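Two complexes are shown next, each including chain A; its partner changes from chain B in the first to chain C in the second.
Presenting the complex of A and B:
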């Protein structure tokens, strides 16, 4: 029964993630537009965009290779696998044993690398600039993320998302200084990585573009779910929980996503759009916060 | 028996090198390849049958040369000669490699290293050999390894031995980093015993972390194919060196599980290094042969004529860029886990060190992706930047199969790193059945399962492809190039200088680097020399 339950949870989780990703992006855009004083398109607009892109005949740029058709698939697949590993409403899903944080960080990097290759394929200047910026900021973001992961793993004794989340649920009130720094660093990284969009899809169209957009939407969702699972797993059902707890978990997950969207959009409205230098500086601050997090967790461990 | 055959094969290689002028080229290549294949088979047999040792009646007066074959040397023999099958290596270098790996006393190592250095890098190999002999002499006698193991050095002698071995390894990196790793493993891990101080791992950890970050940085900035390939292959070697440092610390604080985890990481790192080095070197050679240049800024769009080379390059870069599910990522994962375990259980000094190491490791992780995408994107994608590059073609015949085979092997070992850890189980002491499908840091711990990740990626990819199947080939249009007009017929590749090139790709990175504290080595050296000169003249005038 538990095996079946875990499998059901996994399938439900994947379906929810697939449904949530474009909707979340749409919601974010709608709220951004409202904050900027526009009416904004409907939160369901990304779904219509997908349908339109899939229906349209695609056009390929001259001088492109198989990378233009294959790399978007790799990018979307990497993000989809990452999304299936990060818990949303319950722990103890079938893939829980494989949900390693380093693997998730690696999959995010893989998705980014594949998208950058798509941008470089037509050989036009904008694509190259976009790829170069994506990888530079992505590299900085990964650097900060790895430090945060190091701090969390030192604290929890494992790099597995579920183990860390279960531990956070158990000692929800324990907010050490190191964890606060880690949360701040992750928020900054998520802000830059999920909100700053380079024009990677200029040279592609049709279903390839749809896949790239899907990967972007999934990336935002994976970031928000990661923050939720690692730092604020309120209401997440434990392994082997019943349907009632699942319902509470789903409700808490939706609430969490809404709060994150509000926080992201508000901070973006206050900070303004991030230029390259500002984004790099923000990530530098995140890096520093990550180092502080590791230092404080290490100091905590040294204290008797 | 196996060892006797191996020494005969080494002698054959030396003879081939001596009479190279008498033997026609193709015959020599064939003979070297046959001998390399025989060595691979013999090393495989030796892994199965266990350790053996013989004494040859040659060497300094009144003494014998001892050779020994244990799991450690058999592993490295297997790896290095398997890689040698794919490339053309001088017979003398191969003989030196085999002699060094099989040596079981100081004399054997000296002979092996001098052969390895050959004429071109004799100075470096001689310095390394002297360092090792002095280090062995500090044990009490530079004789047979079996004797040395019974009397490990202690006190100041141990410290000097470590420094000398590190110096020797540093000299060996330009010759062959894998041999450098082997020297560290043999002397520091095997001969010095486990009763050493905790700080032994520290220089290795720092050197490895610095090396990894520096090679990733070099790979991101270098502007020729061969320079990028060379720097890229050194990143996994840096990971391996770090892992050796963690293993030493783990052993010193009596955590055998951490030590074996780190040793497994070190082996995977060396393996990734050798595979990356061979594969990227072959790719660089092929592209240069066919494209006419090794400068990144003159290549472009090569994938159209060279699909096999391009996919091989992708496989090598995947291993280098520490992306899952590649072999480099497996080494990185194991290293990260062992670092964590060391920080959790180690002493406070080590903990402070792990912060610094983790930062450098994270930086190399970020830079490696950038370097890999830059190399592939500039060389293989986009529009051709020169007429010769536009007509580059894949190699035919044997080189093509070698490339494809090596690329497939690299990808396979990335998906099944347990397979790569099997031959090394004798000296890493990592529990092999547990590791075959999933890398774990404990019997019950959840781990990293590359085959699961690969299967999931493949399933998601196939599903997406089926769902989005395109019924007919889409029409091709000129790309919108920021408002530039379509290219005139008399300028078929456009103006190469107007394309986004390798230097433009890292321009933001260079700009970012100016924010870091900058040390100008050249001018500091000049200033130091001037200061010394001033001091000398002042002293002379007195």
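Presenting the complex of A and C:
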């Protein structure tokens, strides 16, 4: 029964993630447009965009290699796997024991690198600039993320998302300094990731572009789910929970996503567009916070 | 706004070169007319029109001492075929080799040029980024080529000429009334300024005076255009900086004013509303109230429309020397934004004054069939608009319509180095640029 339940949870989770990713991006754009004083396109617009792009044929620049056709698949697949690992409404899914934070960070990096390769492939300047910016910011973001993961692993004694999340649910009131720093660092990284959208898809079209956009949408969702699961796992059902707890979990998950969208758009409205130098500086701060998180967690552990 | 009937001073090549060596006053424009090359020096108060004859070799170039002359010399070479002797840039300008003939304004046009666009020249060490001429969105058709080192722009070069309309050939041999439509279409963002400069030049050349009410209405239109142009420029800057809300508000007010213009004058941009001799029509009943209402809305929200200047400081700094060469204000993008914002309330006040003081009822006077030569000058949002006309028995024999974009694009080229690639859009938005204005 538990095996079946875990499988059902996994399937439901994946379906929810697939449904949520484009809608979340659409919602983000809609809210941004509203804040800018426009009517804004429907939150379901990304779905229509996907449908439109999939109907179109893929046009390739003359000098492109197989990277242009294959790398979007790698990127979307990496993000899809990452999305299936990060818990949304319940713990104890079938893939739980693979949900290692290092694996998730690696998948995020893989997706980013594949997208950057797509942008570089036609050899045009704009794509190259976008790729170099992506990789520059990506490098900084991954470092900050790894530090946060290290802090969390020290704290929970495991790198598994589910173990950490379960522990966070158990001791929900425990907000030791190290964790606050870790949360702040992760928030900054997610913010920069969401606010800087490089034009990586300039050289591709049709289904390849659809895949790149899907990967983008999934990345945003994975970030938000990671923050939710690691730091604010309110309402997440535990392994082996019943349908009622699942319903609460789904509701809490949707609520969390909504709050994140509001926070993202509001910070964007306040800050304006984030320049490359400002983004790099922000990630530098995140890196520093990650370092502090590790130090404070270590200090906590060595204290009697 | 003013118009001056000018007497051009014909000088020898030696005097011309001597004049070129003393950079006392900035060069405003350079063109050719009937075997002579004319240069307009000075400022609004005292324009100086000098001409020198072109012999079989060409004429002495001004570009070694006046950087502002480079593009004009290339244009003169493309359209009239006059060669600047000692010029620092011999590349073509508007003629990309797609015309059925070359030197269209020369007395004897030549065979078509080989199809080629002017080449760029960059140092080997720089990476090149090409942008345009089609850039998506509603942007001037211009090819920008950046020479970049990492994320920093080391050099910027432009290729214009994509929106060449043959305006100078089209206005030749026409009456000022008929040619005014072409002058109004030099640049849509400054259509009133161009129409007005053209009308003033035509009136001064033929010695006629438009009725008082027409003059007042012209002032109203000019100021409304200045307000909308300023709002457009502010919206463009805000958008480039990611301040979407501010951009929307600026654009919203611009749109409201355009609708009021549509109601009051019959055209959103007031295109063709000014004709030589007066104005095309009177203000619609209630039109003044509509404009005043829109301006009141704008004034109420004005303090909230100020741009945050944190990303503008130090961007695209026009040094004092550069400013003297091109006769513009020195300063960086922040200065320009602040300048614009300060100008906005003045422009609103001027519009109100002009609306209140529109006496009389005459709208236009017939243009006499006269001969003469004159310059019309109008200050637009982007800078001064100069029109030079030479009439022979009521027909245009020679014309040159100069847009402020001539100077602004050159300034962009001169100040772009050192800014981040990312700030290019902000930099471009901080100058009011029009491709059509220079492509003629």
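In this text, the second predicted complex is superposed on the first by the 304 of 304 C-alpha atoms of A that agree within 3 Å, B and C clash if a C-alpha of one lies under 4 Å from a C-alpha of the other, contacts with A are read in each partner's own complex, and residues count from 1 in each chain.
Please note the rule applied: a residue touches a chain if its C-beta (ideal position, glycine included) is under 8 Å from a C-beta of that chain, and two chains touch if they have at least 3 such contacts.
What you are looking at is a predicted structure, and each value in this text was computed from that prediction instead of being measured.
Of the two partner chains placed by superposition, A:13 touches none, neither chain B nor chain C. In the superposition on chain A, contact is made by A:126 with both chain B and chain C. Of the two partner chains, both chain B and chain C are touched by A:276. Of the two partner chains placed by the overlay, neither chain B nor chain C lies in contact with A:256.
By the touch criterion stated above, A:38 is placed in contact with chain C alone, chain B being left untouched. Of the two partner chains placed around the shared chain by superposition, chain B is the only one that A:61 touches, whereas chain C remains out of contact. Of the two partner chains, chain B is the only one that A:76 touches; chain C does not reach it. Here chain B and chain C are compared by how many residues of chain A each touches, and B touches more.
By the touch criterion defined above, A:196 lies against neither chain B nor chain C after alignment on the C-alpha atoms of chain A. Residues common to the contacts of chain A with chain B and with chain C across the two structures: 125-126, 129, 133, 276. Those residues of chain C that touch chain A in the shared complex are 127-131, 151, 241-245, 247-249, 252, 308, 311, 420-423. The part of chain A that touches chain C in the complex is made up of residues 32, 35-38, 125-126, 129, 133, 268-269, 271-277.
Against chain A, in their complex, chain B makes its touches with residues 300-301, 303-304, 307, 321-324, 329, 332-333, 336-337, 339-340, 343-344, 348, 351-352, 354-355, 358-359, 361-363, 365-367, 369-370, 372-374, 376-378, 380-383, 445-449, 452-453, 456-457, 460-461, 464-465, 468, 470, 474-482, 498-500, 504-509, 512.
Here chain A touches chain B in the complex through residues 54, 57-67, 69, 73-74, 76-78, 80-81, 84, 95-100, 102-103, 106-107, 109-110, 112-113, 116-117, 120-129, 131-133, 135-136, 138-144, 146-147, 150, 153-154, 157-160, 162-163, 202-203, 206-207, 210-211, 276, 280, 291, 294-295, 298, 301-302, going by the rule given at the top.
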